[in-house]
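Some structures to go through are shown next.
In the two complexes that follow, chain A is the common piece, with chain B as its partner first and chain C second.
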Partner chain A sequence: MGQRKRVDIAILCCLTLITFAIPWAVKSSFYIHILIMSAINAVLAIGLNLCMGFIGEKSLGHAAFYGIGAYTTAVLSVHFGLSGPLNLLAALFVTLVCALIIGIPSLRLRGPYFAIVTLGFVLILQLLVLNGGAFTGGPMGLPGIKRLTLPNILTGRPFTLSTDIQYYYAAVVCFWLAMIVSIVSINSRVGRAWLAIRENLDLAESVGISAFRYKLAAFLMGAGLAGLAGALYTHYTAFVSPRIVDTWINVLLAAMVIVGGEGTLLGPVVGAVVLTALPEALRFAEGYRMLLFGVILLIVIMFAPQGIVGLAADFAKRRRRG
Partner chain B sequence: MLAIEALTKRFGGVVAVDSVSFGVNAGEVVGLIGPNGAGKTTVLNLVTGFSRPSAGKVLFNGKEVTGTPPYALAKLGIVRTFQTTSLFSRMTVLENVRIGTHLRAGRRQCQAIGAILEEMSLAKFRDFAANSLPYGVQRRLEIAVALAADPKLLLLDEPAAGMNPEETHRLIEELKLIIKKNITIILVEHNMRFVAQVCQRIVVLHRGRKIAEGVPGEVLELPQVIEIYLGKRRYA
Partner chain C sequence: MQLLLQSIVNGFVDGFGYVLMAVGLTLVFGIGRVINFAHGELYTLGAFLAVLFIGHQFPYFSTVFIAPILVGLLGIVIERFIIRRVKKPGLSIWAPFLATLALLVILQSLYLIIFGPDPQIVENPYAYDSINMGFLTITGQDLIVSILFFVVVFCLTWFIRKTRYGMAMRAVSQDRDTSLLMGIDIDTIYTLTWFLGVFLAALAGVLVTPKSTVDPYIGRMPLLKGLSIVIVGGLGSVEGAVVTGICLGLIESLASIYISPSFKDGWGYLLVILVLLFRPRGLLGRTVRRG
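Entry: the complex of A and B
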């Protein structure tokens, strides 16, 4: 146990160094773009993993909260001219309210209802966004979103994030926020309650764990992180379209969590980086790109059902035994 | 401490529990016996909030708790075990007991975990995964998890089921330790000899109705009790 903890800390330290040092090594703006998207996807996957991996409640609507965060920011920026920290707070607030409305009735029930309700929620949101007229831009989306302006505590002058490197750092900060939320909660009483609910719901309830409250907490944390990720994405691309609330994104996010390793801390991160980079790496295959992508996913799921992180942990265990 | 008043549970047309009433005093050990399908586990589920009664009341320390969810009852001090082995099977013994102490805070939690592991002689298994333990030890761990939740009233659903005589004997010794700690116990059980050794009072259920109640020696001699048990044996 002690050794495993030391390995975990070593991995986290390396990851911190890598995430903050990358801009010195990588100069190509194409790679920086992929890294930003990896970080944003990692935030989404980490949030999804809280519910899906640690509690075992499958959310099929995680992209909805990403979309809500993105559209809240976009609407505030385009219609109200806002581009400051208020956008981020509003995105967070609106996603949390929506998550409460979705979560309170559906997480009380056992069975597949939560998955069904969350799936329905994405579909409804997609319709709203598509038919929102000038307010949401309809199928054309909302262009011309302002870049993120943050107050600079040191100089007192507002500071606008404009270069890709600046957005990379913003995404990395967001990523570490998600990591910290996930690490702190899983190592606390809350995390133990989550795992207890996943392993044996009846027994967990009989020793005083309110499954509903803990499920809701995980769901809200995941949704809030997704809302922030959405807001950041919108400021970064300066454009938002209904493609962001596509069910395809849900599938991709779930695939990230599963390929990386459900219910592990690093699994969603590994999954997000791999599945963000893989489609780009497969561009040489042109028309066969998505086919190849699917085959690779299938192979991972068949031969590493515990995900890449699970596979690595197994491998390490076997080597230690000799 | 616990009072059950005219408790009834219907599943469609089947009346699983039919207007059952009985009380349990603080510090008492009450056995709930009866043949298969008598409604014992249903009564236990109703008392612990795992299912809602169709009619009747459950009172705990004078307050009505009918239909209160299990986690809230655990806070009041009503904790149960399950008929089939129910553990956090992929976790270690220590982690199982730690989850059991969920409702206790801070330092008291650590002390409680150590004390329970010692008491239930589980200390040497602390880092073993629950599903790697022998059956008897798993059942002991279940009781340990329930004890970790600091119960005032402990409901055990067939704790001796599937145990060999040696394991049963050991279980009786452990139950005596729990009883000494002033925890009130309701014991759902098949094993008559076991019930007679541990319980001060017995409630007999048959087809959802209470047919007898009293001290073990007397109740087990009653003709209607002998009839349902011998009847069961004849067809078995």
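Entry: the complex of A and C
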């Protein structure tokens, strides 16, 4: 265990350096865009992994919280002219309230029931957004969202994030926030309770763990992170459309967690980066792009169903044994 | 009054289409333990084959049978070469689910490459005939859907209840390991189940799409509605799927006239959420064993 922990810390240190140093190495704005999207997707995948990997309940409704965060920010910005940190807090608050409303009934269900019910909430949200008229912009979406303005602690003057590099750093801060939430909770009493629930729910309850409360905690943490990611995304693209709550995004998020390796710390990060970059890397194939994407996904599932990180861990274990 | 009757008839016909989707899904889940997310794409494939066959002067009635059988054969290929490989013990029970997700992407992009993104029409000689009963109009297509629906559901119920294979299917859905010990060839049962489930999806595609158009993305809504019906009816319960599917068709049809047409596709999931709050096993569901 000691050696594993040291390896983990080494990986995390490298990751910190890489995430903060990338803008010096990468100058192309296209790559920066992909990196920002990777970071935002990683935040979503980390949040989803808390529920999927550590509690073992597969939520297919994670994009709902992303969408709620994004639309809260968009509505506040377009209709009320807000663009400051209040937007982020409001997105977080509204997402958490919605997560409570969705989580309390649906977390009583298990397995496929939970998966499909959470998928249903996304569908309902999408219909609400599509039929929201001028308030949500309907099928056309809401354009003209203000850029994020943060108070500068040093000078006291407000400071607007305008360049891609600034949004990259904002996304990285958000990413590390998600990582810290994930690391701290996994290594605490809460994380141990989650694992107990995942391995055997009935046994966990019989030793006095309130499974429902811990499940709700994971669900809320994941939802809050997704809400923040949604708010950041909206400020970054200055536009939000109902595509953000498409059922396809949920499916892609679940794929990120599983392809990366569910129930591992780095799995969702690896999955998010790979599945965000892959469709872009396949652009050379033009019309055959999504076909190739599907085939690659299928091959990974068929030959490495424990995910990329799971595969790497297996490989390392086998080498250590000799 | 006329509006009410007409919307009830329309609701029934819509419901029949949903039932065909949901029964296929519930069979594959109840027996194969896989939520098939590619189910909607197989529905689409049925519709595209119908466009192709009828375009080549095939009679409609032979198309209705040949297209679903061909898609059913594809279902067998999927089960044998993909699902069976990812269903190894020790792997996550979600691996087959993710494999069907990858299939969804693959099939959808294949349709886009082969058939193009433009909506196409299933030419159907009976679509324009209608029976007018003064206060009520039933189109020829609705009549065909209704008759075939009853024939198919009757045959399926007979097959599951009375034949040896049907009995074996029920046994496997109850307890896989004991069935194996009783000498049931489980692999054959899985293959058969996938054939039947996929056949029904494609049949729904062939029957429902003459009322609208066919493009590579039509499979999504039938899949989502099928899933909601399967959940409300109880996962793995064929009777539950039949009852719930028809109810959903009726609710949608009536609600879109008397409440709001724009929320039509949301009623299914609203129903799911309400039912599961009060009866977490579905309306007619039995307790499903975990794992």
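One rule holds in what follows: the second predicted complex is superposed on the first by the 317 of 322 C-alpha atoms of A that agree within 3 Å, B and C clash if a C-alpha of one lies under 4 Å from a C-alpha of the other, contacts with A are read in each partner's own complex, and residues count from 1 in each chain.
Convention: a residue touches a chain if its C-beta (ideal position, glycine included) is under 8 Å from a C-beta of that chain, and two chains touch if they have at least 3 such contacts.
Just so it is clear, the model here is predicted, and its values are computed rather than measured.
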Sharing chain A, do chain B and chain C clash or fit in the superposition?
fit
Regarding the shared-chain residue A:Glu199, is it in contact with chain B (first), chain C (second), both, or neither?
first
With both complexes superposed on chain A, which partner does A:Gly287 reach: first (chain B), second (chain C), both or neither?
second
Answer with first, second, both or neither: which of chain B and chain C does A:Ala115 touch in the superposed model?
second
With both complexes superposed on chain A, which partner does A:Ile258 reach: first (chain B), second (chain C), both or neither?
second
If you stack the two complexes on chain A, which partner ends up touching A:Ala211: first (chain B), second (chain C), both, or neither?
first
Examine A:Leu297 and indicate which partner it touches, taking first as chain B and second as chain C; both and neither are also allowed.
second
Report for A:Arg189: first if it touches chain B alone, second if chain C alone, otherwise both or neither.
first
Please indicate which partner A:Leu123 is in contact with in the superposed arrangement: first for chain B, second for chain C, both, or neither.
second
In the three-chain superposition, say which chain, chain B or chain C, touches more residues of chain A.
C
Considering the aligned complexes, could you tell me the closest Cα pair distance between chain B and chain C in angstrom?
11
Where chain B and chain C land on the same part of chain A: residues none
Considering only the defined contacts, which chain A positions touch chain B in the complex?
1, 189, 192-193, 195-196, 199-200, 202-211
In the complex of these two chains, what residues of chain A are touching chain C?
58, 105-106, 108-113, 115-117, 119-121, 123-124, 127, 130-131, 247, 251, 254-255, 258, 262, 287-291, 293-295, 297-298, 301-302, 305-306
For the chain C and chain A complex, residues of the former touching the latter:
29, 35, 37, 82, 85-86, 91-92, 94-95, 98-99, 101-106, 108-110, 112-113, 220, 224, 227-228, 230-231, 235, 260, 262-263, 265-266, 268-270, 272-273, 276-277, 280, 290
Show me the residue ranges of chain B that touch chain A in the complex, using the header's touch definition.
48, 50, 69-72, 74-75, 79-80, 82, 86-91, 95, 98-100, 102-103, 127, 145-146, 148-149
